[in-house]
Every structure is written in structure tokens, then in C-alpha cells.
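Look for chain A in each of the two complexes below; its partner is chain B in the first and chain C in the second.
On to the complex of A and B.
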């Protein structure tokens, strides 16, 4: 016990740091474009706003691309696109994962087996090749929304499996049986008895679905299978590759988009430490060192998150 | 676990193992049979998806392909028929007839003609990249899995220790790096700046593929950076997974028992803690390998490595749907086979799966 104590405090700090990164990114996505256009007077798409491949300066904070576009303006516009794709794709993937995972874990008999087989099949079909295939048939029609929807529809299987495993272990608990004996309907048991206990897993799935969607979108744009005229972190890297930014040594152009993607993933990993503590009761009791901490964690947070 | 009642049980256990050996083989067979059936169903599902997608999508891939083919050269009627069989389009036949002739064509490995490499058959094009990809992906996945799991076991053995507090945050960051960006950075540093490795390609352009030392050594130096990218970015996934499992397993009673028996620390860690902690890593292999395969395809594109990833890149650039369709199927099948191999490994490592089947 005492040996465990030292990791508690940094674990908490990790969560706070991760949340801070998310907050900054959301603020940049929300207000960044305004700041860039009104305060700095730059636009992400204007060609020859500066000379080609200028290094960072007071006018162009992150320098310019080979066509003289402002890199900071692109990065900020890309933050908005990437976060939107992440949220939409992540929400669709999580919703499908919860629906199919919980249903396949809770149903018994033939329908349960069929649902489980369906989830398992999607689990073993590799996601990115499927995503590329579908995206190339749509050929950028509908902009980033289509891309986000396709990502959501092709990336739910991993989350569904986690939900299924959790539901399986919950299904046979006494409180679920008691709810069944007291005549509650199946839907009510699923949504009000089982689902709240899945909240930490759902939160963690959502977190990584958002990150996964952002990465998938970047990958898709990078290979030119996404929506070419949208400014996103992925399209920035596509131009980096095709315009030979590496060979020109334009680090201000090729470093920021990749670091931003990595930053989102790192933030999710850090926040997940907090989610892990919610999910694992052993970590939770270890955490409640003061008596005052306990009712707040167990009583308050979990059911609230379920809604 | 095993070995608790050692000396008196030895003759009895030996006798039991002799009689149960054939039974074990039988059970092993039935577990595998179930998995084989599952993977056959999954393969059929992937093929069906491949059939349905172009027919469900808005727009008409078939006529786009035919238009492109007519630009490249004269199109014979049986080629037109082949395109319709693979992609639908002209609704002359009912859907189920199209479906059966499509499946029949797949069994013969008939994917039509590639547009990017017109008029080479798609199957020839895919075959040219298959071995490159499988070798690159296979070797780097094995390295990443072994090293990542070992490091994860070391870090998770003492949660909160110095190794854990260095490795775990670092691997979260590395895990978040996009594959293709990591590839770009490695190219920039090691191929462009330091000039230690070639910039791109699979082997020297003047060398013919074969089993001669010059070709093999050239292929290995060309594969170094792509493999390093895949290992670097996928290693952390295995590491985090193993570390978390290890951290919860080291507190189990059987680990305490092993330690109380006075077994060496190495034996406690490897044969007791790690053997159990590695099981979830193996059973979640399907999820992880999907990500690794996707990442390695992007990595290949950056390095212009002559594998399936670069072919996919060509297919995307040229809107070569026949090639794309075939690549999706071949990649899916390869992943299915890899998963099957891991399933076999799981049955070998976890005796409970064999018991559950009987």
C-alpha cells in the first residue's frame, strides 16, 4: 500500500495536464481562426501571403509553405477540422460500440451469438484499408463530414469488444438479476442498471475513438484519399510530402502538424489514467486516502457520467 | 498454478498425462476447428463487403473504370463483362447472379486488369508487392511484440519504480505519433541529413531480385528505416498493454506463492507473472494488428517501399478500383491468417481454453 502511494499524486497531475491540453486545443479550434484573421491578418488558403518557405518571423509566426501560405493559419484551421472530425467520428464509433457491445454481451441464445460474430468479424477486418476503400469510392464528396462518418462507421469494433466483455461480467451480478426479478423491462435494465457501470469504459472508448478518428483522418488526407481542398493536419502533411518540405529543411512546416496529432493522443493517454481509476475499484479505494474523498468519487461521478 | 504438490504426485501425473495426451489433441483440434470456421466466415464477410461497397456507393465506379480503360486502349467485350462482374454498374443481371459470378471469379484469383499498370492483371501486380510487405510487416511486428512485451513486463513488475516512471509516459507519447509522420522524420534525419540509409525503394535499382548476397544486403539496408518506423510506433502499444496487465498480476496470490516457495525472481516474473499477463495482449492481437497494418501501409508509402502500401498509393492516385479492391481483400486475408496464428499460440499458452472446449 505505502509503496503504491507515490504514483497517486503524479497520476492525478497527469490527468490534469491531459485535460489542460484538450482545453487549449478546443479554445484554439473555437477562437483561433478569428484571432488569426483579425489580429494577425492571415488566411489559411491565401497563396503568396509571404515569400516561399520563409522561416518563422514576427509576421508569419510559423513561417510559410512553398506556395507562401501562412503555416500558423493553416495549423489553426486544421485544428478546427481535425477536432470536428474527431468528435463526429468518435461519437459515431462510440455510439455503435456501446449499442453493439452491450447488446451482444447482454443477449443470450442465437441473437447474442450472431451479434457477437458480427462484432468479431469487424474486429478482424483491418480498419484503415477498409476506410481507404470506402473513401476512394466517395471521392471527397460531402467534405469532412463524409470522412468523419465513414471513419465512425468503420472503427467501432474494438470499443464494442471492450463493452461486450464488461457487459458479460455484469450480466450475472446480483443487482442485475434482482432488477430482472422485480419485473423491470429489458431496456430499463440495460440503460439504468448495466450502462452506468460501463461509464468509465465508455468514456475511455470515446477518448480513444476521437484520437483514432483524428489520426485516421490525417492518414487519409496524407495519402490523398480524403478531401483535398479542406485544410487539416493531414492535408498539411500531404503538401509537406509532395512539395519536398523535408528536403528543403522547412522544419516549421513539417514539425507542427505531426506534433499536434501526437499531442492529442498524448492528452488522451494522460486523461485515461483518470478514467482507469474510475474503472478499477482497487485504484479508486487506493485513491481515497481521506474519508471525505470517498463518497464524492463513488457516489457522485460514475452515475453522472453515464447520462 | 502448477507445481504445488510436487514430489508425491509425480508418478500419477505422468500416468495422467499419457492417457490425456490423445484427448488433448482431440480438444485442440475442436478449438482450432471452431476458429477455422470463424475465419472462413470472416473471409466470406470481407469478400461480400468488397462486392457490396461499389454497388452501394453513390456514383458508378464501373463506368468510371470503363471510361478510363477506353482511354488507355481498345476494350474487348469480355473485359467489359469482367468489370461489371466486379463492380456492378449496368444492371443487366439480378444481384444474386452477379454475386455468384463474383465469388466464382475470386476463387480463380481473377480480379480484372489494373488501371494504374494497364493492362497487367491485378493478381500479377498484387503478387509483386505481397512478399515485400509480409516480410517487412512480419519481421517488424515480431520484434515490436517481443521487445514491447518484455519492456512492459519489466516496467509493470514494479509499478511506480524508476523504469516505469520513465518508460510509461514516454511510450504514451510515442504511441500517439502518426506512423507516416514518424516515417517522415526518420527519413529526414537518417536518410537525408545523416545519409546512413537510402531515401526510398526496396533494393538497389540495378539489382535483380534473387538469393544472392548483394541483393539481400541491399534489401536489408533499404528495409531498415521502414522497419524502424513500424517497430518504434507499434512497440509502445504492446508495452502499455503488458505494463498494465503486469501491474495488476504481480499482486495476485499465485505470484506471492511462487515467491514464498523461494523461486528465483526471474522465474517468478517470467513463468508466473508474465505468462499470465501476456494473455490479454495476445487475445487483443486482432485490434492491435489492424492498426499496425494500417500504419505500415502508410509507412510504405512514405518510403516508396515496393510493397502493398505503395501499390495502394498508386491505386488511389489513379483511381484504380480493381487494384484497390484486390488489395483490400489480400490485406484482410493476411490479417486473418495472422490472427489465426495468434489464436493457436493462445491455446498453447492458456490451458483453460483447452479445458473449456471439452
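On to the complex of A and C.
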């Protein structure tokens, strides 16, 4: 009765909606390019596939750019690039944040102080200029992977700081000391007693690192620090800007990539509502059994079954 | 479980004790109880001291959390450690559990000196000496089921394999009266009441198959109606399994209920000790008298025996607003917390600032334990 299903569909409607958006975007990124090239017969890079700045039609579902490229094909290709950059960059940033944050919070003495100093140094390095600098230097070499790695390596410090603070507060909890008295090793205490309590923080860091990476990638491409031939939401916006799509009223060109970026952010925000459940088994129970289910600090009000 | 440190180790225990200087001798003559038994101590502290350095504005100073404490826990006996908040009770328990490193002094298990800095010593120690923490809401990780929580010490100390693990866990649960154990094994801590959680915490301590339990106010966070159950469980473990136990409390009445011996701690020092009945019925140290006056005791109120209360109210002249002896005592305890002498100089009796019988000599030196008969002793110049 107390066992959980291996996979639970979150009960929260916001979370469901957020997950749905992510699912759709992932499906588009995975199968969209196939659909575009085989069913619609379009390519994101072919110039003059149609006339310049054609509005949406049966042939070009989202119209064309000023060079006659198919906007839908670009958007779909851009979704794949942006999501990949987001996932890889977010994963790198989160992994570094967890590793350095938790270790610097959990270790005492010199090693802890050194790690904290390292985190602090990265925290005060202004991320965006560094990002632009490195991205302009590599300029397209290595494609989206390089961009993702650069973003990941420059954006973990804030998350690490948050993990450190959480770890510090967890380190002195009674159950950590109790685990020590139970003969647990330090590593085991860290990974199985302390770390699970960080799950919501880690999950929300990951969510927002993904969004942050997507935004950073778009930002880099938008200011022209990316590779001009990559198709991503950022490069689309770059061309929108440089070709003056706004002035010519080509809404089908600038609206889709902008909306997509906003959609990813919204989805992350919605999913974040469900993240708390990760570290509180109490929230997982299907139906709350009323106030009696929370016997905090009063213990004895309910008659004890265990006499 | 109790076979670990029985008779063969006695000689070493005795040898270790003689080398310890004045304190352990006094322990042997005085600390050992009127219950007649004088078995060698299982866990012993000699001159145990812990100074905690302060930071910030008070940098350089240190809190004398525990100051030269001698204690001996014996098989099949409960020693109660009584004192007010901040008197160093928990620090002492952590030191005894090797959860903290002493500034000075020794901890001996079965006569063998232990080094809290050595990981091997610590792990070995945890298999003999287990701690029950004060707050069962904080001491169980809410993310784990009881199965996991209890399996860890079983695996770490007992080398219990997966095959018999469940059976052992259920056995543990039933030993602390969480019955039927099969029903509790998959519960999360939040599905248990406070008393049940504390039982689970006790089960975890027992999983290591220890010979000593250190209870750090094990019932203070629990509802009054459940306290007695847990206390009876502890006495049952003592009587049935012959565990040695340290029962830390600020409630001297419950100490009298469960303990064989009581020691009273004030500001890091032990000021009085002896058989539970003697200490509670015939308190010698002014602080113990004050503590007793602060605990509601219907018998004493009815009998009008206000020995301790009188002393307390003599000194509290102005702020005695006509309450019973009980409220007087409480007021005095509150006032005393402010004037706590933890950070002041080491010399002298820490209680002198509040003591109705303070004399000049109290500021200079604290007396050695003075025997007042049948294993009952006190550290007060009054009895010199």
C-alpha cells in the first residue's frame, strides 16, 4: 500500500503542462527535421526556396525569410540546436555546481576553504563578457558542442553557491550525525543522506541552467558571436534583426523563435512547481490524511498503535 | 550482545583505572552506587574536558562546555546526568560517543583508552556505544524508510547479509515494541508518531548491538503521555539485556524513576553524585537542592518538606513574588541562565554567583568530591 509506482504522473496540473511543452519540443527536435525534409520537402539552409518574405502558405507553413529560406524548416532545425545546447550546457553547469557546491559545503578545514574560494572567484568573474570572449575566439569551431561546453563552464558558480549553502545547513543536522554513529562512511553520508535532500535544488538548478544555456546561446548568436551558418533560434533572431524583419512586418519570421524561447522558460517554471516533491516523501502520498498526518513535535496526540 | 565485554576484560579495566589519578579512585568509592554492585565500568570518562573556542567579538575566549568530568557507566545500570540547559550535558554525551574531540582527559572503553581522532577507533567505538538523540524528528532522515535506516548499522557493524536482513530488522522493530514489525518496516519517518520515531531511533541504536547506550534527553521532545513508555523501554533494555546506559535529562524526577545513580552537572562540572534515591531525597549540593525545588513533586508539597526551597528563597529575596516553592525555583533557574558562568575563569565553583551559601573560598577553588555517606558525594565547601 505504501509502495509507489515506478513512474508517477505528477498530479499537479502546472507540472503536467510544463512537462507537455518539453515533450513537444523534444519530439520536434527529434523528428521535426525528418518531417520537414521528407514530408514538406524543405531545408533550413536552401536559399530561394520561395520568394523573399512570403507570408505563411500551404507550401511554406511559416513563410519565408528575406533570402527565401523556409522559416518552419529553420525553426525546427533551430529547436534541435537550441535544445541540445541547452541540455548539454545545463548538464555541465549543474554537474559542476553540484560537485563543487556540495564538496565545498561538506568538507571542513583547508580543502573546504580552498574550494569555496575557487567557487567565489568564478562567481565574481562576469559571465557574459567571458562567454562572449571565448565564443568569439572559437568562433564556430566545433559547432554547437563548443558553445554548450563554454556556456556550461562559465555559468555554474551561482548554482554552486546555492548548493554550498544548503549543504552547510544539512551538514550539522542530527540525521547526518546519526548516520555517522551508524558507521557510515563520509562518502556514503554525502551521497545517500545529504545529497537526496538537495534533489529539489539540483532539479531546479538544472531546469534553469537549461533555460539559461538556451538563452545564452541565442544571445551569443544574436550578437553575432556564434557561427553564422549554424541554424538556431539565436541565428534566426540575428537575421531577423539584421534584415529588418520587424520594420517590414514579417511577423512569421521573428515571432516563432522568440515564442519558442519564451515557451522553454515557461515550461521550466511550471515544472519547477513539482520539484519539491522530490525531497519530501510526505508530498508524494496520494491523499493527505488531514492534519493528523503531520504529527510534528506533538507526537502523542494520536493514540499510539505501537504499544 | 552483552557478551562483548564481560569478565575477561575486567583486569585490564582495573589496571587502566588505577593509572588515572585521583578522580577514578573517587569514582570507585563514591560514584559507584548504593546498589551494592561494583563491576568494572564499561565506558569511563576521566578528567574529560571540552573547551569550545568562540568566534567574532569574543575571539580568543572559549566556552568551558565540559570541565574535568569523571563518569563511569556500568553494565546493567543507568546513570542519569541531570542539569539545566547549557550545562554541557549534550557535549559530554557527544564526547563519550566520540562524536567530538575532547580538549583534555580520557575516554576508556573496557579500560582501553580511545582516540576520537582515529577513524578506526571511532568506528569500533560506534559498534559498542550508541547514541539516542534528543529529537526524533531530526535524527531520522525523512527520505529513507525504516528498512534502510535500520539496515545500515546492521550491515556496517553486524555484517548482516541481505538474506537475513529483513528478519533482523523486524526483530529490532519488535524489540522496541514497534509491532508488528512487518508493518513498520516500509514506513517513512513522517508516517510515525513522535514516540514511534523515538522507538525507531532506539532500534537503530540497538542495531549496532552496543553494550552502552547514551540517551541525550531521549524523552524531552516527546509528549508527556509517551515519555513513560520510552523510559520503561529503556529500563527494560537495561534489565533484560544488561545494557549500560547514560540517561541525560533536565528532569530530575524522571531521572529518579529510571536511574540507579544520578550525577548533577552544572556549567560543565559535576557537582553531586550518588545513588538516585540519596541524591533526590537528600540533596547535598545547593544546586541540586535548587533543581529539586524547581521540579514539581506532589509528595514534597503535601509533606511541606521544603528543605531545598527554603534555601532557594532565602537568596532570591526580592523577586520572590509569593508563589509556591516550585515557581520560586523556576524563577531562580531562569535568572541563573543569564548569569551563567561558562566563560569565566576556571577556578572556583561555577555556582557561586547564585549560591545562597557562597563563601570566599568558593571563588578560589572547587573542592574535590566529599563523601556524605553510602556512595553519595558532593563538591561543595559546605560539607567539608
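Note that the second predicted complex is superposed on the first by the 262 of 307 C-alpha atoms of A that agree within 3 Å, B and C clash if a C-alpha of one lies under 4 Å from a C-alpha of the other, contacts with A are read in each partner's own complex, and residues count from 1 in each chain.
Everything below uses one rule, namely that a contact is a pair of C-beta atoms (placed from the backbone, for glycine too) under 8 Å apart; a residue touches a chain by one contact, two chains touch by 3 or more.
None of these values were measured; they are calculated from a predicted model.
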{"item": "Chain B versus chain C as contact partner of A:228, first or second or both or neither", "value": "neither"}
{"item": "Which of chain B and chain C A:117 touches, first, second, both or neither", "value": "first"}
{"item": "More chain A residues in contact [chain B versus chain C]", "value": "B"}
{"item": "Chain B versus chain C as contact partner of A:193, first or second or both or neither", "value": "second"}
{"item": "Touched partner set for A:34, first chain B, second chain C, both or neither", "value": "neither"}
{"item": "Which superposed partner A:266 touches (first chain B, second chain C, both, neither)", "value": "first"}
{"item": "Touched partner set for A:179, first chain B, second chain C, both or neither", "value": "second"}
{"item": "Chain B and chain C footprints on chain A, overlapping residues", "value": "3, 282"}
{"item": "Complex contact set, residues of chain A against chain C", "value": "2-3, 173-175, 177-184, 193, 196-197, 279-282, 293-302, 304-307"}
{"item": "Complex contact set, residues of chain B against chain A", "value": "38-39, 41-42, 45-46, 49-50, 53-54, 57-59, 61, 159-160, 165, 169, 172-173, 175-182, 184-185, 187-188, 192, 240, 244, 248, 284, 286-287, 289-291, 293-295, 297-298, 301-302, 312-313, 315-317, 319, 321, 324-325, 327-328, 331-332, 335-336, 339"}
{"item": "Complex contacts: residues of chain A adjacent to chain B", "value": "3-4, 6-7, 10, 14, 117, 120-121, 123-130, 132-134, 136-139, 141, 157-158, 161, 211, 215, 218-219, 222-225, 237, 240-241, 246-247, 254, 257-258, 261-266, 268-270, 276, 282"}
{"item": "Touching residues (chain side chain C, partner chain A) in the complex", "value": "97, 99, 123, 126-127, 130-131, 133-143, 152-153, 156-157, 177-179, 184, 186-188, 190-197, 199, 201, 204-205, 207-208, 221-226, 229"}
